[in-house]
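Chain naming follows the written order as A, B, C and D, and within any one chain the residues start at number 1.
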Amino acid sequence: MSYAKLSREQLAARVAQDIPEGAYVNLGIGLPTLVANHLSPTKEVFLQSENGLLGMGPAPAKGSEDFDLINAGKQPVTLLPGGSYFHSADSFAMMRAGHLDIAVLGAFQVAANGDLANWHTGNPDDIPAVGGAMDLAVGAKQTWVMMELFTKEGACKLVEQCSYPITGVGCVSRVYTDHGVFDVTRDGFQLIEAVDGLSRETLTSMIGVLIR
Amino acid sequence: MSYAKLSREQLAARVAQDIPEGAYVNLGIGLPTLVANHLSPTKEVFLQSENGLLGMGPAPAKGSEDFDLINAGKQPVTLLPGGSYFHSADSFAMMRAGHLDIAVLGAFQVAANGDLANWHTGNPDDIPAVGGAMDLAVGAKQTWVMMELFTKEGACKLVEQCSYPITGVGCVSRVYTDHGVFDVTRDGFQLIEAVDGLSRETLTSMIGVLIR
Amino acid sequence: MISKISPSIEASLADVKDGATVLVGGFGGAGMPNELIDGLIAQGASNLTVVANNAGNAEFGLAALLKAGRVRKVICSFPRQADSYVFDGLYRAGKVELELVPQGNLAERIRAAGAGIGGFFTRVGYGTELAKGKEVREINGQMYVLESPIHGDFALVKAERGDCWGNLTYRMAARNFGPVMAMAAKTTVASVHEVVELGELDPEVIVTPGIFVQRVVKIARSTTAASGIKS
Amino acid sequence: MISKISPSIEASLADVKDGATVLVGGFGGAGMPNELIDGLIAQGASNLTVVANNAGNAEFGLAALLKAGRVRKVICSFPRQADSYVFDGLYRAGKVELELVPQGNLAERIRAAGAGIGGFFTRVGYGTELAKGKEVREINGQMYVLESPIHGDFALVKAERGDCWGNLTYRMAARNFGPVMAMAAKTTVASVHEVVELGELDPEVIVTPGIFVQRVVKIARSTTAASGIKS
């Protein structure tokens, strides 16, 4: 039996599928940004950007970029009719108090207790940078992680305990990967679905931490 | 030698005289409200109202009152060109962080250490109400009190220690009264000026607390 | 397509439960959501905790809610006004509990709830009766009091214009507590005088972004009446 | 008549002292007051603590200030960017101190300074390296970290329009840190693309009331350039 991992775009489409209509969502920089391209045009979702935008629209047409209207990744975006601007303290108030329904974030590791590591490799030579990662991790009603299940070196990113410096304690509720979808429960990871052609048993056996 | 106490309007004019051009000022409800009428039109002063106004202007003409545009005393006012509206948390941020230069407040009592009592008589049958009094008392760069020096019963309102419940600790820097002007210093009250015809000695002797 | 426009005041308040904490905007008559308060009286919820700057004028709005016996507790800064006799009577009779909060601490505690802040240190109230029993701390040579957030189950807010995403603008000093209360409640119901098309509100001038508003209900335009002052 | 309009960038920054803490607005290129930063470089103050979201791009703006050796310490959330090589080099060489703060805590700490809050409890950062050594507390079953205000001697803010009272509006996402930084500094200098007559800014849409702004200086309109991203 063979299986194909989800591509980055397929993974983005898989996440997009689970975002309910009317949800207020922040898509973290990197991989999560791709989710926006896969939201159905018939399903209204409100995208927030930490730098003070609500109702963020798609990228502008080539040539009409305005770098006063950018997303958290500093890329030019647009604002939908009904969108609004606000200052940074209001933006993070939105986040911190759980007004956002879902934050979708990339990760280096997710631990069985929901701990998230996504801001710092821990390498002392790296320039640390955190941005809004810690705010997003603990602020939204639900924090979803979106990542490849394995590092390039083959290490599984679902772990018993994060070895990287953590971003937030027990904050992740769901993990979307190129191999399958996992919930983080009181009793650790629970496999929700494996990609086509990959049995639950095989997937479970590939992961070095207990999967229910 | 005879003297005349200042009338309420004269007292308001005396306070107005000391407000420097360009000052941001909050005039408390009651007696301090009168100060606005005595600010020279050639001296630009910015009046703030706790309910979310900066650049408050005079009362509107009879018949053109708009009760969405009121002062802290709920009386209709106007907004000058250059004025702005903001919400209550921003308004009290202005106050609490010392952005206001001067708050002018009424008082029941002022103590030699600068304690202010102006919110509650302490009578258990009275309905307590504080409004923005405590915020104003401690927030502005300078808190000035404006009051009659004696109660109707003849008790001096400058005291060694407040017998009324206090509004703020050590917050008053200057007291304008119908008998004279006092500074509150580290060493207690200091007489700055007595009204015409009243000698410093006589005024000092009328007050039951040490005046320097 | 999402629309937060509620068909009626009745529909917008159908699920207020007994015992709810209700944040009510307004300072004097400005920003007082009288139509929503009347709706709340008709709806019937009781044993309410009401958070507002004042505690009602004459016998309309909050005063009517109080008079109807629906309010267990009032958290406010300035209940005593020239025409607050309904509150005054209930308070003297021991029929309503009062938590008196300095106005700026009230606004900041509501904002704290809306901003996910667990508590904050303020100099306001230190050394006074209103800080009795509260934790104090010296910070850089000055004394501060620890204050806690005030969350609402519902917020009733009077705005000027709104759209189907829940974006709001206000009118002059009627803005007051509206924006922070909208942030601090699980369900914010805003009355507006105009419902406008999406995109009609300039994104630069929206005061309350729609994320803070769950329901918008149109009411007839009325002139704000004087209240709280000696006539 | 009061006018906060400054005749030049030079005049608006004449009194920045060595060792000052300078709050600098902007997120990426949006709201970055490059003209004022260039003015600060020319002015010559050194040993500065700079508070900003990022730590400079390429060799202009903050990066140029860093390169000129004027900055002792940076307090920011996201120094590492595709083109932050000036900061990266100084940091690796131990020539600049870094205090890394989660972006929302940074914005809230600046607002706290502007609002007279002595400290606040936030869940953000709890259990992480960035909360090491900070006081923690359980509130309603959740863990919080105590964070302190960040005050500025100066704030350099890029706005869109301003008037002689110091009222400001911003442009789109260039608003970001401007409004809270303006509140938190002893002296706020705002660059604007347009100086308008008093009263021309609608009082309903003023984002930063003039009380928070000490000096307004007009700069030529320029197009915000891309920065911080891989080209």
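Details
Basically, a contact is a pair of C-beta atoms (placed from the backbone, for glycine too) under 8 Å apart; a residue touches a chain by one contact, two chains touch by 3 or more.
Just so it is clear, the structure is predicted and the values come from calculations on it, not from any experiment.
In this assembly, B is the chain whose CA centroid lies farthest from the centroid of subunit A.
Two chain pairs, B-D and B-C, are compared here, and B-C has more C-beta pairs in contact (counted per touch definition above). Between the Cα centres of subunit C and subunit D there is a gap of 33 Å. Taking each chain's centre as the average of its CA atoms, subunit A and subunit C sit 35 Å apart. Annotation: 28 Å between the Cα-based centres of subunit B and subunit C.
Among all residues of subunit D, those that touch two or more other chains are 108, 111, 115-117, 122-123, 170-172, 203-204, 207.
Within subunit B, residues 79, 85-86, 89, 92-93, 95-96, 139 each touch two or more of the remaining chains. According to the touch criterion at the top of this document, the contacting chain pairs are A-C, A-D, B-C, B-D, C-D. The part of subunit A that touches subunit C in the complex is made up of residues 21-22, 24, 44, 46, 48, 54-55, 79, 81-86, 89-90, 92-100, 139.
Of all residues in subunit A, those touching subunit D in their complex are 49-53, 65-70, 73-76, 79, 85-89, 91-93, 95-96, 115, 120, 125-135, 138-139, 165-169. Contacts from subunit C toward subunit A in the complex involve residues 1-2, 111, 113-117, 163-165, 167, 183, 198-199, 201, 203-204, 206, 209-212.
Within the complex formed with subunit D, the subunit C residues making contact are 108, 112, 115-123, 137, 139-140, 142, 144, 148, 169-172, 202-205. Residues of subunit C that touch subunit B in their complex: 27-31, 53, 77-81, 84, 87-88, 91-92, 98, 100-108, 110-111, 122-130, 143, 170-180, 207, 223-229.
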